[in-house]
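The two complexes that follow have chain A in common; it is paired with chain B in the first and with chain C in the second.
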Partner chain A sequence: MNMAATPTTNPSQLLPLELVDKCIGSRIHIVMKTDKEIVGTLLGFDDFVNMVLEDVTEFEITPEGRRITKLDQILLNGNNITMLIPGGEGPEV
Partner chain B sequence: MSVLIKVQAGQIITTLFSVFNSLSLRFWTFCPHPVSVHCTPVIGQYAGQAKYNRLENVCRITLTMSLRKQTPSDFLKQIIGRPVVVKLNSGVDYRGVLACLDGYMNIAIEQTEEYVNGQLKNKYGDAFLRGNNVLYISTQKRKA
Partner chain C sequence: MLAKSNKEKENNRVTSATDARGFDWWNTSGVTVSLPCHTANMADKEKKKKESIFDLSKYIDKPIRVKFQGGREASGVLKGFDPLLNLVLDGTIEYMRDPDDQLKLTEDTRQLGLVVCRGTSVVLICPQDGMEAIPNPFVQQQDG
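== the complex of A and B ==
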């Protein structure tokens, strides 16, 4: 009889996806591979770290910090994500 | 009695009170003022219970909240048929009504407008976008 399928981990470890999970419901700042950053409220994500965000502001970094504000919800493709910053406000402009 | 209410982040739950209104006239009689609860920052499902205390003449409403995640697949199911903005890795923007899509983010859009550098370049009746090029899919409540 299988009691547990999951491997036992040291309880003091915080796994990366656990950190992202903790972030659900709060603001998150996402840095992409290109010169682009996204700030929004995290609604959810999946194993590929595709992210569902709300109240999103999009920042283009190189040309004097162009800003595009989008409303409602977006699904961001995890393919191009480089870094996630919980609670981040985005680049200073 | 208990009710289940779903809320968005920052939404003020005055609707909670109107739900109780419809359930019991007595609540309205003794609680004439709307109850508002500001939920920050969490998006979740709230289960509400209302108890009227005759002695104090108060109606106490307690909300317990459970966090509800919305995964990408749920998101994709609910946006079909809605006007969307799709941005590609190249920076080109497509706006139109989402006809259908799959798990690879391949997308079919109707009444498509193509924006390059913010300028409208083309209009297509139907467009198919291959998923590997998609940076994001966004619903649009208002035109940006």
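== the complex of A and C ==
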């Protein structure tokens, strides 16, 4: 991954994609731009933060309920990802 | 391969079209020539490459408020960022905006902890104490 040079950033700070990288192998909670959330085990991601997840549960927030439990790995399109929460377990419903 | 076929199409369209300076615009000789103005633009672009117009390092370890595409809002302490505006926030609180909520943010909040925010989704960043709610200035009083 090509990191652009930023003379202004402090090198000892925490880079966002480094934090995501540390999360590989553990549970992660993804919040989309819409009212959808995904919880799964992070297998990997790319420069565009498209994500490969396993043992995935999909949540729809407004209709109040869990939707689909999927397994066997999904590729989540990074286009609509808003937040990534390492170790998150998802909404409390 | 694709580029070649496009050039062939161009060559078939116009047999010859040279301007006053004798510049062969349609490239009938089949040789690729880069236009002078094009290369000047490329040089400019390279100079301006990754200059950020705003320095977020001022806000490190400070509480900030972030708004996202899709109406979500969050606030937290800024722990890190990158030039693409991905953020790391700690102690994040998310404010949800429901249709009945309008902008009453205090109703539906949830604690998220350490969060990475996608820069592609961020629309606004401001300090936590940098904004306050005011009565709607655009509401017209019905004086009849």
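One rule holds in what follows: the second predicted complex is superposed on the first by the 81 of 93 C-alpha atoms of A that agree within 3 Å, B and C clash if a C-alpha of one lies under 4 Å from a C-alpha of the other, contacts with A are read in each partner's own complex, and residues count from 1 in each chain.
One rule holds in what follows: a contact is a pair of C-beta atoms (placed from the backbone, for glycine too) under 8 Å apart; a residue touches a chain by one contact, two chains touch by 3 or more.
Treat the numbers as computed from the prediction; the structure is a model and nothing was measured.
Participant: Touch test for A:P16: chain B only (first), chain C only (second), both, or neither?
Facilitator: Only chain C is touched by A:P16; chain B is not.
Participant: When the two structures are overlaid on chain A, which partner does A:G44 contact: first (chain B), second (chain C), both, or neither?
Facilitator: first
Participant: Per the contact definition in the header, classify A:S26: touching chain B only (first), chain C only (second), both, or neither.
Facilitator: first
Participant: Taking the two structures together, which residues of chain A meet both chain B and chain C?
Facilitator: 32, 34, 79
Participant: Hey, which residues of chain C end up touching chain A in the complex?
Facilitator: 49-50, 52, 55, 57, 60, 68-70, 72, 74, 79-83, 86-88, 92, 94, 96, 110, 112-121
Participant: Across the complex, what residues on chain A touch chain B?
Facilitator: 21, 24-27, 32, 34, 38, 41, 43-46, 50-52, 54-56, 68-77, 79-80
Participant: Which positions of chain A touch chain C when the two form their complex?
Facilitator: So the residues of chain A in touch with chain C come to 3-6, 8-10, 13-20, 31-34, 49, 61, 78-79, 81-88, 91.
Participant: Okay, in this complex, where on chain B does chain A touch?
Facilitator: Those residues of chain B that touch chain A are 8-9, 41-44, 67, 69-76, 79, 85, 89, 105, 132, 134-142, 144.
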